[in-house]
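The two complexes that follow have subunit A in common; it is paired with subunit B in the first and with subunit C in the second.
And now, the complex of A and B:
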């Protein structure tokens, strides 16, 4: 028993380790610990692990704690013959320990047990769903993902998280995860990082989240498409249209091999609506979309496209006709909510557009020049007032002296909001900077891995063969590759 | 287009300018149709009396353009219809072209059936047709004879005679072909030059402006003697600028007109008179150049001054425009609109030219103001009425025009309907630049993200692929999973979750 405890607490997390051991030794220690914990005999050595939960700290001995949880869950599952036993339900004692662990684990140690960590997260998800309260798991999983810091790596846990968030309509907790730029997928990168250790400092997560690390299930194209579609749906629920339409453009412009996914078509429909709601027009689609894919979109989303045409041409009558005509289509596609918001967005953009032509005009003029969903003078005034209050429209309303019924709408010049704008620009700059940093890092990293990928090496080797003289071309090839000597050796080996 | 006769049977090759419809280069026929025909059917109908005397006007021209111009005036102007058509009938009867005689008579009979000329002279028509037929046969026979003898010069002259004959009887495509055939038999540069001029004149009558341009270019490629060059330059410039005018590139047309040498004189009267050069050139320049350019290149242009002296009102209009007196300028143009609508070349373009001049005047007028009252603008730009108060109502045509100009981005200003002023937008350039920079940053991040994701998706093998491909992958994957990984979450609960999500979607 004490021996077991000794083994459990043998490898503390590095900040808690008094003597600063080398990465190599630490790596060996952790691997030893894992292999010990994975021995078939260890699990059965004791009947109940709940006592250990108080002794072993989840933040210092994260690996041990994770395996303890695992043993305990298996034990209870065996005892109760149920997948999700009672005390694993939210509020149960085991649930509390799991949550405690997921909020405080040491991300370095966990790198060695990605598979076990993911399964724990999935247990949390199914436990919360088992009692139909998925919202309880959302925050926990979001925190755990944030702690793991995948730095731009997509995992199946991301997908689980957004699914749960959508099921439970608890959107804001997922934002910290969704707002991060994801740009990588777990791949087989062993040959690149063979000299480093899992526990050492890594510039990117590609070193410890690979296709064999277990942090993610084996991904298919559906997973990332679904993730971005669900993310977009969350952003749309929060009315953050620009984020939503970006997520959707990820889906609709994703690479295809001779076929188009239904998810992409659904995303295109939503993208049309989100662009109308967010920008009042359809921005040009990304040039990366292959022409045949665009044709598929155009033909399958015809009602949406013609609705967008009517919207853009400011043809209110045609738009209402299209909306009425497509009622069943919107309902089948579950887009009724978005479509019903179109009219308000239409009015909003019409009034904003008036601000470019007029600097002041009466509400009656507004009604006349921007034929609106509202027929009434007072409705319009109220709508304009709400736009002004929500900061969508920079304008003031004033009653003309003497005539109570005539309201003058005066659009303000942009300069009058100087202080406000400075602040606004600052926040945008900060946001842009961090996004740019992530992207730049991702680009450098991808560039590196692509350069070292088998395809590229083969290509270089082949082009050398074409050159004929192997001696001469060897020099050229190493210049092209522009990396260390080991590649050069590879090439030579390949060439001979 | 606007000139196309109503009866499709008459759309024969002989009707001049019909082919404009098909070959109106670069000009959107719809917009022209829209502006020209908004008021009256398929024809332009001019009710105002023009300022010119028909007889002295037509005396400026020679050749076939006389008939074409008179016919146009006869069909478009209500004032001069009878007089012009009668003259046209007489003109046609003096020539050999029977079809245009018939057209002129028919047009006259529609307007004034009681006139003596409104009845077709069958005798003359039949006689002329016979004469024409005999002449055609004779010339073609002669040409065949020349061809058998293989004498280049004779073949060239035979073709020339035939072309001339076809031109006179109004068979323009055949004339064009006959003249084109001369090409291989030209032996001296002067032959080539004269052939090209003949082709150009046929092309102008056909309204084939592309061919006019290409043949003028070919003329330029010739290197004749100095005196030849000075003799030909004005004609070349005039033909070129006409074709540019018709293709809607007014600035180029203005440049070519301005470059036309005043030695043109009456030498090109079968196409256009020096007065026309002044009018076309002046209007094109007004519509396409700014005030400095107008002053420097039109008013201070010594050679073009010779033309402008023929049409002093154009000169006045341009100098008013240069001095920012827009109302007198617009009034002059307004007064002469009827004349220009009856001009064979200007008719299709005058509306566009006027709109451009007007828009430019408004733009120029607004430059010094930061805010200007709508009333004072109306005083200058609303012509033809004295009652200013109604003119600045928010629904008046003038305000609507301003709104249109603002919305299409021509005017950088906004209308204040409370104080009844037009406020020029003094956007904060610094803010605008900042906004633009931030936007481009956002766009870049988005685009880069999309592309990066794409690269990584492809690298990870996650492209969307056909179903059978994917199934195979899945089987492999499942097999792999079972062998390597334990399974402490039963698959059943996972399935349940899937079910739930599906229903949610």
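And now, the complex of A and C:
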């Protein structure tokens, strides 16, 4: 027992290690500990592990605590013959320990036990769903993912999280995870550079989240599409149309082999609605979508396209007819809520459009020139005022003197509104600065991804020269000229 | 660290401490799990109604209207039938539709649990300030009755040119033109919020370029 406890507390997390040992030694210690904990005999060395939860700290001895939880869960599962035993249900003793761990684990130690960590997260999701309270798992999983810091890596846990969030209408805690750019998948272990240790500082999570690390199940094409579709649905619930459109664009522009999948068609339908609600029009589809794929989408989502056409042409009568005609379609596609918001969006964009033609007009003129579902002058003024007051419409209102209730709407030029305010000029400069910084960082990252670094191009050129096959090597390895010149030549060659 | 167990005393202490809206939201957010677990216990109805009412208002105080709507979907259905949470739903609808007169009426005239009154009053004051800023920046000239409706003042008195009401506006820097019987609001300029989104947007673009270049 004391030997077991001694082993459990043998490797503290680095901030708690007084010896400040090297990364190499720390890596070896953690691997030894893992080997010990995975030994077949260890799990049965004691009958109950719950006493250890008060002795071992989840933040200092995270690996040990994680395995203790595993042992205890397996033990209780065996005893009760249930996958999710009672004390693992939310509020139960074991649930509390699991939550305690997921909110305080050391992310460095956990890099050595990705599979076990993910299994624990999945247990949390299942336990919350078992009592029909998926909301209870959302914050825990979001906190755990944030703590792990997957920095741009998509994992199956991300998908689990958005599913639960959507199921339980718990969006707020998911946003910090969803708002991060996810642009990598766990890659083949062979592609990961092994010069550093798992416990070392890594610029990217690709070093420790790989296809064999266990942090994610094997991801499929469907998982990726589902994640973005569900994320879009969450953004739509929060009326963050630009984010929703982006997520839906990712789904509809995903590569296709022969035909588009059902998820992609669903996403296209929602993309049409989100675009109308967010921008008042259908932006051109991404260039990454082949024209024939766009045609397939358009034919499979015909009622949506007709609706969008009526919206864009400002044909309110046709739009109303399309909405009525497609009631069962919107219902079957679960898009009734989005369609019902189109009328208000229509009015909003009609009024915004007036600002392109007029600099000022009365509310009575607005009512006349932007036919809508408004009943009267009062309704129109209330709606216009709400647009101006919420900053959706850059304009000002003026009540005119006299007894008759005339109100003038004056559209502001965008420059007129902000440009002369010192604060805004300062902010714009700051924005410019941060934009340049981000672009500069992105360029370096892109160069690395595209393997366009000078070193790499030199290496390719040299290795191709060594192969002694200048024909095959193309322009890159074809001569002594500089790297940039070679690429230009190659591109020109392709052009012919 | 886990918060202390949720109880009526704990909730009262939290609300009486009058933390900032953000802190109140964070604290109550930490209690949502406990509330969710208590939801199946019939003797905790009072606690849960008070908790969800306060939590609902903490969303409003932090301008999270869409999230407040999502909260109403997470509240157990039987609790939603209670007077206090029904009133919350009415208030949410009025805010959603920007019906200012109705909002003030709900806040002032409908019954609220004793424990929730401080947070209801905080919201009324917050909403009034927010609306004052919006009206100041949106109107160049406004009739006193309309301005009074926006700010929850007596519109009839304002229409008759009641001095006390007009003074309330002039105290905010607005100009009163007795000849035209119109108020001229003074715009309230505040520093624009920092653009965190821009960074995300650009990162997103760069990530896409990077990925699709493969």
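The criterion applied here is as follows: the second predicted complex is superposed on the first by the 407 of 496 C-alpha atoms of A that agree within 3 Å, B and C clash if a C-alpha of one lies under 4 Å from a C-alpha of the other, contacts with A are read in each partner's own complex, and residues count from 1 in each chain.
Everything that follows uses one rule, which is that contacts are C-beta pairs under 8 Å (C-beta built on N, C-alpha and C of every residue); 3 or more make two chains touch, one makes a residue touch a chain.
Since this is a predicted model, take the numbers as computed values, not measurements.
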item: Dominant contact partner of subunit A by residue count, subunit C or subunit B; value: B
item: First, second, both or neither for A:435, with subunit B first and subunit C second; value: both
item: Partner chain in contact with A:239 - subunit B first, subunit C second, else both or neither; value: second
item: Which of subunit B and subunit C A:332 touches, first, second, both or neither; value: neither
item: Touched partner set for A:91, first subunit B, second subunit C, both or neither; value: second
item: Which of subunit B and subunit C A:83 touches, first, second, both or neither; value: first
item: Which superposed partner A:32 touches (first subunit B, second subunit C, both, neither); value: neither
item: Which of subunit B and subunit C A:136 touches, first, second, both or neither; value: second
item: Contacts of A:221 with subunit B and subunit C, given as first, second, both or neither; value: first
item: Partner chain(s) touched by A:51 [first = subunit B, second = subunit C, both, neither]; value: neither
item: Subunit C-contacting residues of subunit A that also contact subunit B; value: 181, 183, 246, 288, 400, 410, 421, 435, 439, 442-443, 446, 449-450
item: Complex contacts: residues of subunit C adjacent to subunit A; value: 2, 29, 32-33, 36-37, 64, 66-67, 70-71, 73-74, 98, 131, 134-135, 137-143, 146, 179-182, 189, 191-192, 194-195, 198-200, 202-214
item: Complex interface listing, subunit A residues touching subunit C; value: 90-91, 100, 133, 135-136, 139, 152, 168-172, 179-181, 183, 237-239, 246, 288, 382, 385-386, 388-390, 396-401, 405, 410, 421, 423-424, 427, 430-431, 434-435, 438-439, 441-443, 445-446, 449-450
item: Residues of subunit B touching subunit A in the complex; value: 394, 403, 406-407, 414-419, 423, 426-428, 431, 434, 438, 441-442, 444-460, 462-467, 469-470, 473-474, 477, 480-481, 485, 488-490, 492-494, 496-497, 500-501, 504-505
item: Of subunit A, residues touching subunit B in the complex; value: 70, 73-74, 77, 83-84, 115, 119, 122-123, 125-126, 129-130, 163, 166-167, 181-187, 214, 218-221, 223-225, 246, 249-250, 253-261, 264, 286, 288, 334, 355-362, 365, 400, 408, 410-411, 413-415, 421, 425, 428-429, 432, 435-436, 439, 442-443, 446, 449-450, 453
